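Same chain, two partners: chain A is paired with chain B first, then with chain C.
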Partner chain A sequence: MTVTYPLLINAVITGLLMGGFYAALSVGATVAFGLLDIVNIAHPTFAVIGAYAVLVLNRTFNIDPILAGLLLTPVFYGAGTLLYRVYYHFFERRGDDAMRGLAFFFGLMFLAEVVLIILFGVDFRYVQAPYITTTLNYGPIALPLRLAVPFAGSLVMLVALELFLKKTFIGHAIVAVAQDPFALRLVAASPVRIKRIAFGVACASAALAGAFIIVIEPLQPAVGRDFIGRVFAICVFGGLGSLPGTVVAAISLGLVENLTTVFIGPSWSPAVAFGALLATLAWRPSGLFGRS
Partner chain B sequence: MTTLSRRVMGAATLGALAALSAAAFSLPAAAEEPLKIGFSMAETGPLAGTGKSALLAMTMWAEDINAKGGLLGRQVKLVHYDDQSNPANVPAIYAKLLDIDKVDLINSGYGTPIIASTIPIAMQHDMVLIGLFGLANNAKFKYDKFFGIFPAGEKPALTIMQPFFDAAMTMNPKPKTVAAVYPEMEFGHAIMNGIKAVASAAGLQIVYDQGFPPSMTDLTTVVRQIQATNPDIVAIGTQPGQSIAIVRAISEVGLKAMIVGGGMTGLQTPDAEGLLGEQLNGFVNFNIWLPAPKMQYPGVMDFLKRYQERAKAAGVDPIGYYMAPWAYADLQILSQAVEATKSTAGDKLGPYMHETTFKTLIGDVKLGESGEWANPRMLAAQFQHVTGNDIEQFKGTDKLIVLSPAEYKSGDLIYPFQDARH
Partner chain C sequence: MGNWRFLAIAVGVAAATFGVAVWINLDYLFFAGYVILQYVVLATAWNILGGYAGYMNLGVSAFFALGAYTTVALETALKLPLPLTIPAAGIVAGVVGFGMGYLTLRLKGIYFAIATLALAVVAETFVTNWDYVGGSAGAYLLHPRRGPWFGSYTEYLFLLMLILATLAVILARMVERSWVGYGLTAIRDDEVAAEATGVPTLRLKLFATALSGALMGMAGAPLPYYVSFLEPASAFNLGYAVTTIAMPMIGGTKTWLGPLIGSLLLATTQQVATVTISSEVNLLVVGVLLVGFVMLAPNGIVGWFQRR
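Right after this comes the complex of A and B.
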């Protein structure tokens, strides 16, 4: 099959747009896993919970889904801090936070799915917004707003988070707690409190990522599982705890998936994308932006 | 006095108990014991949307038959448990149904994997089993007391795709090339084999043959790749979430072809119809029943009216074309066999069911040697002139035009595909 210019350029655009979405979905896991050493495998499921909350707001109050996601971020922040208290009390404080913590979040993921099934059933759910069914055409280039709006939202969220980490005292403390919790005490900051805030921020990002999910695809309770592999691959590929790394890794994954679809075939896209990830890790074990 | 009273009371109690026991034994057993039909059903899990629709229809059947005096002079009781859409739960459910609930007859839950787990249990107990919406479940078991309620016959993938290609071959000029797209899973490969067989028989050339990973979130690049091959026919075999994703991707890319569709599961449900609305225009997809004039078999429209009144309150499929009449017909067949043979025994029911043509809501049903439909009856229907997202418009046949087989045709194919998109 001949690869034409429109096919190639549109594949690149779709890859970029999907990559932005992957970055929004992965950033919370990057903070939790990369900075706090909490293997929150349930993070994509938290985003799915966010998507259902967006659905409720959209259906009840006719609020735009992205705006609904934004309004939900304080709620998710609060829920995240509470969840961290539970995690800290039962696992981290006791020093058995690796495998048991993983099991905790794994269990939480299944529990959340069951609750969502009970509350919402298993049928596909969706929201209505004018941009979901609109595609802008510029000559051979097509820009589906279903993907472009979440992409733009993701970039805004990622820039805001990067500024928060780089420009605020709490942000500096979050980065510091990943490196040396003991040293953090010397500046009168409690590592537990800082980690609680950071986990809250990670969960807050899931509310917005959930809004992006329900804009991009119809929702059902188990859809988060489709993203677990991608999210953690992006975390590792980008370099644990690096936000710019997460963005570059997510966009690379989106591009490789789509270009593989064009040049080799869609069946090969996960294999080639994860193969590229493994090759990069062999070359740079700490990921693209990780400290060696 | 107190002692005497206790003795009198004790004697009176014993006497009353004895009298009650005698009365109980003197009543005919039939008047006390309902005839129990046991089955598992997907009331939660991924199949629950359709499973709950089936359960409502089966409950309505039980109410109807009990209102007419029951079965073999006994009231009918449905005993059912939630299999959570998980075949692993089936053996324990049927053990309880057979050993503790002591059901007289069994039926299957909904869907191919659930039925596959139920057949060995039916074989072990030498009982008749009707499988509700399975694809060629008996191909390996070859159990002579298994019967299927799904009009796809013994080669379902072929049967699903045949009406689509029959409709395609009515176009002028005749199509020459086919693009086939499907998920990389067992279902997708089965459909792909069906596409290859039908396309080959029609002398068509396959110019695109690609699977995609089931977890793929966006399919626009896949659709653009298909467009690059410029096929006349785009044959798709997808499961519900993928069907929605590919319809959206096709709309966004603005795919041009003569005809698009085929084996897209899930688009028959009001959920998908409400979500996609106008984006469905032009797609030609398989269906199993629609209220086309020639498919309005005796009783079906009345049943659907009653079903639709209850479905809304029950929170299940509010239209019901996809599953409800079939679940009702499933138990109609079983009950007709029981009444005719005056038995619930597998060795009496099985041979009778092979020989008989049953009158049901979904028409006359003749079950072949393998237990599947002797005369498969899949439809190809095109979404036409859909406006907005209101699911009420999908009641009736104004928006879903039956194209094939010819005997059920209710309108003409609009082609090329892009002409039907408005």
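Right after this comes the complex of A and C.
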């Protein structure tokens, strides 16, 4: 295959745009994993639940998918805080959260998939929005809005989250709960309440990420599983809990994956995330931006 | 009870099981029994690492399917018979487990778990792209109607799986009662303390991962003959992983008895439910049981009967 200049440019652009979306999908997992020590492997599946909810809203009320995702965030926030209560009660409080907590989220992921299959079947589903089918062309460069709109949405969401963590009291407390829960008690903030809020926020991000999923590609209940490798490769590579690290890791992964797709073959792209994950774990477990 | 006495009892129970099955002589019994025994192997194998050492392997389907595809590859290339591809499948899956473990087991257990989950996706990608073993279109492996020695071929597969299940239970119990098992338990309870008191943690974890992976691979080896048509999506089905993990969680993870009880109960229930209710509802039941037991009964069924 000859490597032409436009082909390369377009592969890089697609990679960048996908990387932004990967960052949005991973940010909830990295907050839960890195800051709260909750390994929510069901996070990508929660995003798929969000995507199906967006689908229903879009089909029933003809709401724009991304607006629908935004409308769903309070619902997902509530569900997330509720789930944290359950998790806290059964696992964290007893102190043996590591292995059984993981089994719990693994079971939830599987249950969610089975329920989605029972409700929606295994056919691929789409949403309708004007920008999904539009592509802007600048000479040889193509900019599909199907990817560009979720990319912009992802950036807005990430900036908002970073501001929340860096500028508000609750945000500071969330970062602090990872470092020293006891010190947090001294300033009269309950670590459990702070973690509940943080887990709610992480789940709320899944609703928006779900909207991006269904804008970018057709939806199927098992799609979430394809993202697990990517999401956790990004979490680990970006240094757990670091938002800038997550963005850099996600965009790098998006780029490498797309260049692999274009120049080696699409069927090999899932191996990229896995390779990145194993390499990071083997040589630099604290990630790019991690506190070692 | 010593290892030899247990060995004698286990072989006796297995022989009696086979005797009763042959006496009833219902082909469906062999057909359903094969699946139940396959889960006895998977759950027992998973528990060697997951239960004793507390390291979650979420990529059960990867090891299982690698075993199945080893059989397909060796049958296509060399026409090797099943009794030879089973140990080969064990070696392939064991080596993969060892390699993954070598890269990730020095870290917290969480990283190992995530890596195994990702392994399932990548192994599936690899097999889907490998046209020699059928690729995404799948592979046919038709078996003769009769077994090589006696009875139907299903009866033969049942016997092989019964031998594997007996072997797995005996090995798991041997590991549990040896210094290796005590070392693994120490890792589960407090890895840093274990390391500090001279337990060779990494070596024990690697041993457990390789043994556990090898047994899972061996459990998958006869699958192509059992289903006749094997394709990646069904071989790498997440259902295998969830069911396998649910079984020790239901039975109890601390002894060899837990996964045995859990797998016999759950797999039998599943066989009945698949016939009487739909298979989706069946999966739903497995998921609910897994989540329920993990939340409410941390020590499983065995825990109910133990003195507190």
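Keep in mind that, in the parts below, the second predicted complex is superposed on the first by the 267 of 292 C-alpha atoms of A that agree within 3 Å, B and C clash if a C-alpha of one lies under 4 Å from a C-alpha of the other, contacts with A are read in each partner's own complex, and residues count from 1 in each chain.
Note that contacts are C-beta pairs under 8 Å (C-beta built on N, C-alpha and C of every residue); 3 or more make two chains touch, one makes a residue touch a chain.
Keep in mind it's a predicted model, so treat the numbers as computed, not measured.
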Message = Under the stated touch criterion, which partner chain does A:216 make contact with: chain B (first), chain C (second), both, or neither?
response = first
Inquiry  = Looking at A:278, would you say it contacts chain B, chain C, both, or neither? Reply first, second, both or neither.
reply    = second
Ask   = If you stack the two complexes on chain A, which partner ends up touching A:11: first (chain B), second (chain C), both, or neither?
value = first
Ask   = Looking at the overlay, does A:236 come into contact with chain B only (first), chain C only (second), both, or neither?
value = second
Message = With both complexes overlaid on chain A, does A:141 touch chain B (first), chain C (second), both or neither?
response = neither
Key: Which superposed partner A:117 touches (first chain B, second chain C, both, neither)   = both
Ask   = Touching A:226 in the superposition: chain B (first), chain C (second), both, neither?
value = both
Ask   = Does chain B (first) or chain C (second) touch A:261, or do both, or does neither?
value = first
Note = On chain A, the footprints of chain B and chain C overlap at residues 117-118, 222, 226, 267, 270
Inquiry  = Which stretch or stretches of chain A touch chain B in the complex?
reply    = 1-4, 6-7, 10-11, 14-15, 18, 117-118, 121-124, 126, 128, 133, 135, 142, 144, 146-147, 216-218, 220, 222-223, 226, 257-258, 261-262, 265-267, 269-270
Query = Of all residues in chain C, which touch chain A in the complex?
reply = 50, 54-56, 58, 100, 103-104, 107-111, 113-115, 117-119, 121-122, 125-126, 128-129, 238-239, 241-242, 245-246, 249, 280, 283-284, 286-288, 290-291, 294-296, 298
Remark   = In the complex, the residues of chain A that touch chain C are 39, 41, 86, 90-91, 94, 96, 98-100, 102-104, 106-108, 110-111, 113-115, 117-118, 222, 225-226, 228-229, 232-233, 236, 267-268, 270-271, 273-274, 277-278, 281-282, 285
Ask   = Hey, which residues of chain B end up touching chain A in the complex?
value = 44-49, 85, 184, 208, 210-213, 215-218, 220-222, 224-225, 227-229, 240-241, 244-245, 248, 251-254, 266, 269, 271-272, 275, 279, 315, 389
